[in-house]
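The following pair of complexes shares a single chain, subunit A, combined with subunit B in the former and subunit C in the latter.
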Partner chain A sequence: MNSEEKRIKSRCDVVKIKQADEFSSYMVLEGEGFSMKKKLLVVALSTVMVVSSLLTGCGGSSGGSSSGGGSASGGASGSAETTTGGVFKSVETFAYGSIDPHKEYYSWHTQKYGLTETLFRINDDMEIVPWLAEGIEIEDNVGTITLKDGICFSNGNPVTSDMVKRNIERLIEVSKRFNYMSEWTYETPDDKTLVITTGDRVYPTLKNDLATPELAIMDLDATTDFDNNPICTGPFVVDKFVPQGDITLKRNDNYWDGEVNCDGVVFYSMSDDQSKLMAMQNGEIDAYDNITTSDIEIFSADPDNYTLASVPMQMRSYAFLNSEKLPDSVREAIVLAIDKESIAAFLPGMMSATEGAFDTDAPYGKVQPPKRDIEKAKQVLEADGYKLENGVFTKGGQPLTVTISCYQSRNIDTIAVLMQEQLNAFGIKADIKIVDEPDGTYMTDHNYEICLYRSITDKTGDPMTWFELAVESISYQNIAGFGNEETDKLIEEYRYTVDPDERAELANEIMQQYYDSNTALFLTCYNRNAVLRKGASGFSETNPFEFYGVSAKTTVGIK
Partner chain B sequence: MLKYIIKRLINLIPVLIVLTLLVFLLMYLTPGDPALIRLSSQGANVTDELLAATRAEMGLDQSFFTRYFSWVGGILHGDFGMSYIDDMPIFPKLLDALMHTLALASASTVVSVMIAIPIGIFTAVKKDSIPDNIVRIFTFTGNAMPNFLIALLLMYLFCIRVRLFPVIAKGSVQGLMLPALSLSIPMISKFARQTRADVLQQLNEEYVIGMHARGVKERVILYKNVLHNALGSILTIISLQIRVLIGGSVVTEVIFRWPGVGSLIMDSIGGCDYPTVQGAVLILATLQILVNLATDISYCIIDKRIELE
Partner chain C sequence: MKKEKVKMNKKQLKKARLKRKTIILGIIVLIVLVLSFFAPYFAPNDPYLTNAIAAKHPPTSEFLFGTDYLGRCVFSRVLVGARTSIFATLMLVIMSFIVGTAIGIICGYYGGAVDNIIMRITDILLSLPQLVLAIAVAGILGGSLVNTLIAIGITSWTSYARLARSHTMRIKNLPYINSCRMTGCSDFHILLTHVLPNLIGPMLVNATLEIGSTMLSIAGLSFLGLGVAPPAAEWGSMVSEGRSFLQIAPWTVFAPALSILFAVMLFNYFGESVCDLANSNEV
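Entry: the complex of A and B
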């Protein structure tokens, strides 16, 4: 095994599961049909429901989808199937009203469905590799992109550089976060070449930006319904999309990159974790991700039927420590007192402890915040006049108290409780304040002492997105009072620096300043946990990004 | 009767005006800037210029009354505005969710009434017998169990153990069965107990003793007189339950993937999608008022003595 393979393996810890236990064994499909009693019961219940439906005049479908392949039967029947052809089925947690990939973050879903593709993509090892593009040559402020030969949309129309240019222009028009691209110029000397001039100065992360899922390439001329049926380049095409409901896709017979294995793909809209678990156990879906800790235990107990895959994502949980409400010593003590390993250990499989905002093996992740040091934390507080009395630090007779603001999503509230316990044990009295939604509250009014948040800290294999999101003075997540002119200048310098070594040095310098301010405490790195039925594969389960999913090589599970 | 209905409908107009004002005011006073939330959820770096432009685009820079009248004017033309979450028209979403909620509410009510009323009558007639005690245990249990537990137990039983239904139901009728049953179980418990109590009360009335003395058949007494007289209070509890169901049963909807109003409102609140919440609340409140009206009218149909005027 070479070093590259070892590195990938370390990132992609594919869990081989142990033996089946009693709880899981009954979930395996067994029978072939219904008994007469069951049939009678179904008929009786159906009659009641039909009558009630007719009475209410609601006979519409609930997003039912046609299934094209042999594996399309519901969970009540089960027959042996092969892994060639068939319909791959999965579930999607969030419901949304459109699949226009240029709008909002819908491309994160459409790309997962195998509907859309981009010029470049991020591989399992966080490298930017060509997808629709053959490659890119960057010289100063000019990037020349060459498209691959033979790429076409699902309707057979060729993908031209002019169409790519128009897609970028539409993305800028539709999505505000791509406004910066409007300052660039785009030329198409021929059908295969797109020349992007990034203003007056060099733009080193051009390739990274072109790998973002939002830059999906659509046939803008042939698409008549962008919200429901965009014509794209992926291995699957939309068969039926129910807004806020399920999506059914069928094989793209004109796929440019070879044969497509599956006949189709279905993603059911399902937000409840228990329902997902039962659908998987009942053989109704082939795979899904974001499984819970308890579900990991259930699936790992049945290795004959399920394969679990776990890979660290670039999504991290972190706390902001408000410098306007907490003195320097208190912020530093909190950073030193929190035990991230214990937090991660409480949620096994779901997340792991993180040192900082970036992976330590990344060239821009060499600088990390100080490690946990309880003694030093105590010294910092004592040096500032705090005294430990009856297990609580006090100053001027007043106990040291802090409030942790959090919300209920992806275990953020659980992390808050664990932080509270650790701070109380250390001697800082901590309270918790839960809000419905952070963006409408503490993230915008900045009325907090400690607040928790989560987001992707390394979206494109380059720290620039994080700098723009959280470190720059004007950035949205700069809410703890860190922003300063010196760092802004460094970020501006970083923006236009090309040399990789110089970029890494600058990035580390910026992050050193950021960590030294003790305004942000990075806690855990989320894992992308996926479960696949035996025989199912090709769900991008080893890729650290959730916006990759099915591909032309995806296979359905054996039932 | 027609006169009464028309009068009640006319009376609805001022109620609806106040309702729209209240709903709009509540959303207006809700903390948080929708423009800022929208931009931040899109990942945009929010500058003052961009924020101002977005606020103008969303109409948030206008005065309260301008926005209110614009909203009400849109509703009168069937336009509930655009969702803050996905920038899609709200009305089709609301209509679809409402149809699903009404179907679920109707199915569960029909099932509940069909099962609960015969049980209630039977246990009243057989008061303190073994079947009465068994039913009592079941109704207490059904009342006490939380909805999510009933839903998961039904799914486990019918989808996993018996494998009568798939977890992911695809057809409207098939998908309706388990959620309707899930909502019906506590309703059956409530209705059966109410029916039992009301029938028992009627059975002790003097007119029943008199009818027995005159040799009127038991079945006639029970179904033509006793049940008829008990229907008023049974109808009251049924209408109360319908109103609860119309509000949406979020837990049941989420577990069974039933795209009703409850889920829509919860998703919209989570995403600070105020126009959708406003529209949904307005429609639900209007429906509640209409159910009230229908209940009042049904009282009159059941008991002619009730003076509508």
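Entry: the complex of A and C
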């Protein structure tokens, strides 16, 4: 340090000392005034901290871990300490911006919340039973539906056949998936009767179609805000809906089917599995479904406080094998090489291995894809010129590689990892590509080799919904290059075939063609796993469909 | 006179201690680097081999850190994950160092419009929350390790650029640089021979300090599913995978999480020591 620098430094030190002196003199001069100010400052800061912590939800213990900024309290008040009355609380995995039941798949949620109801419903044994309707008489191509007596909307207005007809017309208008219903004619001879004529031919699955949750009946005249507050017939009515967030419902005092047990229902928007688990353990919610393998282990270890329910669903995971990117031999070899049992073994309780798209005991599930056969898989590839070199099949010096596209939901990514391992062990080098969500990527741009997906394959106890969803040329899930005229004709024939044996035969023929193409590989069948707090009941936990949930008889758990 | 001598000795002693600490830490860092590079050869089990029967087993002599939900050896995966996590971090720090230093030197030496434009860009990038920007970029590019490095690298070069620029601006006005110019040396020659060697010290110190935070950023993005594709082992993604089993198999989370903690602490401690040593040399 030279002399100039030392001089500057010493001057700086003098200035610092002066400033410190001035500050201390100020403190002495101000005396009590300063401490008063300080106290006020402390009080003000504390107030700001308390208010901000309340605003951000850090300080509150009620309401659970709601997201989306929605208030969890709403108008659905009541004690949750008894098994009758109170507010039933649960969680919703998916976030959505509307609860208009005719749009998209929102009705799957609204029906679960006890907001909407349909003419028919599917019971625990997969049978179609009346709900708002008294019954249906089908004669050739005419179905006569009689509505129940005394059914009304939450505002007290009666449900008439004309309103049901208008709801069907609105559904056709709003959702493209129900365009086929526009070919039918609807008549209302009186307030309780709706006559549906299904064109020139018989439509055997009419009753099944009327049980779909999308066909929720709303009061179209009284509803002013379809996206946020539809007026429906369920045991609960919307109290507060936060788009992409929580939903609070309160008791429908005009419910047509007896007294509603709970004062209200709250579904918190919660996508994270760990948050759901902890919310249940903390007593913030009464029940939830879609629980994970680890949750099953945790809750089953505490049977005194939790009730676990597990029923096989018709939801399956499957892989599409793109026929435009993978040759026939490779697709066939992959179908033969994958060990589904081994995949299911890693996810006990969550899912079981499945042969094909339908249960083997269903009349339309008699045809199943070939079983695992490693030797045959090798032969298929070798017949096509592939050679097994250093554990990898090669052709023309190039190793056989495939990419498995998948997404992180419902253990789809875990299935992909296990498939990859099995393919690598077999001799096909597999990579994994994870996308945020499949519908905006490979399901629409078809840019994949192998992709994983899952959906309900048997929605109404009839394979027609699956044919329309994945087998027909124009179907959404026809992304692997299977759709063809011959199968389309068979599907069209199936649509109007009445005789059950003939229908089963046709369905099996269609599925045989589908399986033979090796464009789809069915992997696992999910279970619907739900957990309920002790005392809680009536969450449709024994129903194989997730779109059923709370009802008038739902009870709240004991804390 | 005697007091001054004692004081000098204390200073020297402190410096010597600092030097010794830095060397020891440097050796530990080197050992960790070597171990992580050869990790696949040390792994006692196949880190990718699944086993339904052995799933979620607590630590045993066969599986030192237990097994994960697919029955894979967590210890082997931590070892293999070290290679991914540490070398990805080092690669990113080196790349950011080279790019940032080069840009900073050019801006500092030439100034003018180019300097203004680049510095405003760095201002913009520094004003954005780095991890949020990285999440957005990685989300657009898609999940892979390379994309993660790109996402973090977009902002990480800025600190090097600013530091290099300020040092270059100081150095370029020193008399010996003017002498070089007078003797007809080219700008490139001056930058390479006279400017770069004089700022490389503080730049390296900055780089060693950045290793820890970069490692955390990579692990953070991997935790969010924007890093390596499964089943590749990487510490951040391992924590994410094990999170669902925290209550029944906590070792699947603690093993990679503690590895991250240890590695970040080690590199940060090493960086601090290098920084202290460099400062003591300047004094």
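Note that in this section the second predicted complex is superposed on the first by the 478 of 559 C-alpha atoms of A that agree within 3 Å, B and C clash if a C-alpha of one lies under 4 Å from a C-alpha of the other, contacts with A are read in each partner's own complex, and residues count from 1 in each chain.
To be clear about the criterion, a contact is a pair of C-beta atoms (placed from the backbone, for glycine too) under 8 Å apart; a residue touches a chain by one contact, two chains touch by 3 or more.
All values derive from a computational prediction rather than experimental measurement.
K.L.:
Thinking of the overlay built on chain A, is A:245 touched by subunit B (first), by subunit C (second), by both, or by neither?
P.N.:
The answer is first: A:245 touches subunit B but not subunit C.
K.L.:
Looking at the overlay, what does A:274 touch: subunit B (first), subunit C (second), both, or neither?
P.N.:
both
K.L.:
Per the overlay, which chain contacts more subunit A residues, subunit B or subunit C?
P.N.:
B
K.L.:
A:103 in the overlay: touching subunit B, subunit C, both, or neither? Say first, second, both or neither.
P.N.:
After superposing on A, A:103 lies in contact with subunit B but is clear of subunit C.
K.L.:
Which partner does A:436 reach: the first (subunit B), the second (subunit C), both, or neither?
P.N.:
Once the two structures are laid over each other on A, A:436 reaches both partners.
K.L.:
In the superposed arrangement, which partner chain does A:294 touch: subunit B (first), subunit C (second), both, or neither?
P.N.:
The answer is second: A:294 touches subunit C but not subunit B.
K.L.:
With the two structures laid over each other on chain A, which partner does A:420 touch: subunit B (first), subunit C (second), both, or neither?
P.N.:
So A:420 only meets subunit C here.
K.L.:
Following superposition on chain A, which residues of subunit A contact subunit B and also contact subunit C?
P.N.:
274, 436
K.L.:
Touching residues of subunit B toward subunit A in the complex: what are they?
P.N.:
So the residues of subunit B touching subunit A come out as 31-33, 36-37, 39-47, 50, 54, 83, 85-88, 92-93, 96, 99-100, 102-103, 106-107, 110-111, 114, 152, 155-156, 159-177, 180-181, 254-259, 264, 267, 269-272.
K.L.:
Could you please specify the touching residues of subunit C with respect to subunit A in the complex?
P.N.:
48-50, 52, 55, 69-71, 139, 142-143, 225, 229-231, 243-249
K.L.:
What does subunit A use to touch subunit B in their complex?
P.N.:
26-27, 29, 31, 34, 38, 41-42, 45-46, 48-53, 55-56, 58-65, 74-76, 95-98, 103-105, 175-177, 179, 227, 243-245, 268-272, 274-275, 278-279, 281-282, 284-285, 436-437, 439-441, 443-445, 468-469, 472, 474-476
K.L.:
How about subunit A: which of its residues touch subunit C in the complex?
P.N.:
The touching residues are 273-274, 277, 292-294, 297-298, 342, 345-346, 408, 413-414, 416-418, 420-421, 431-436.
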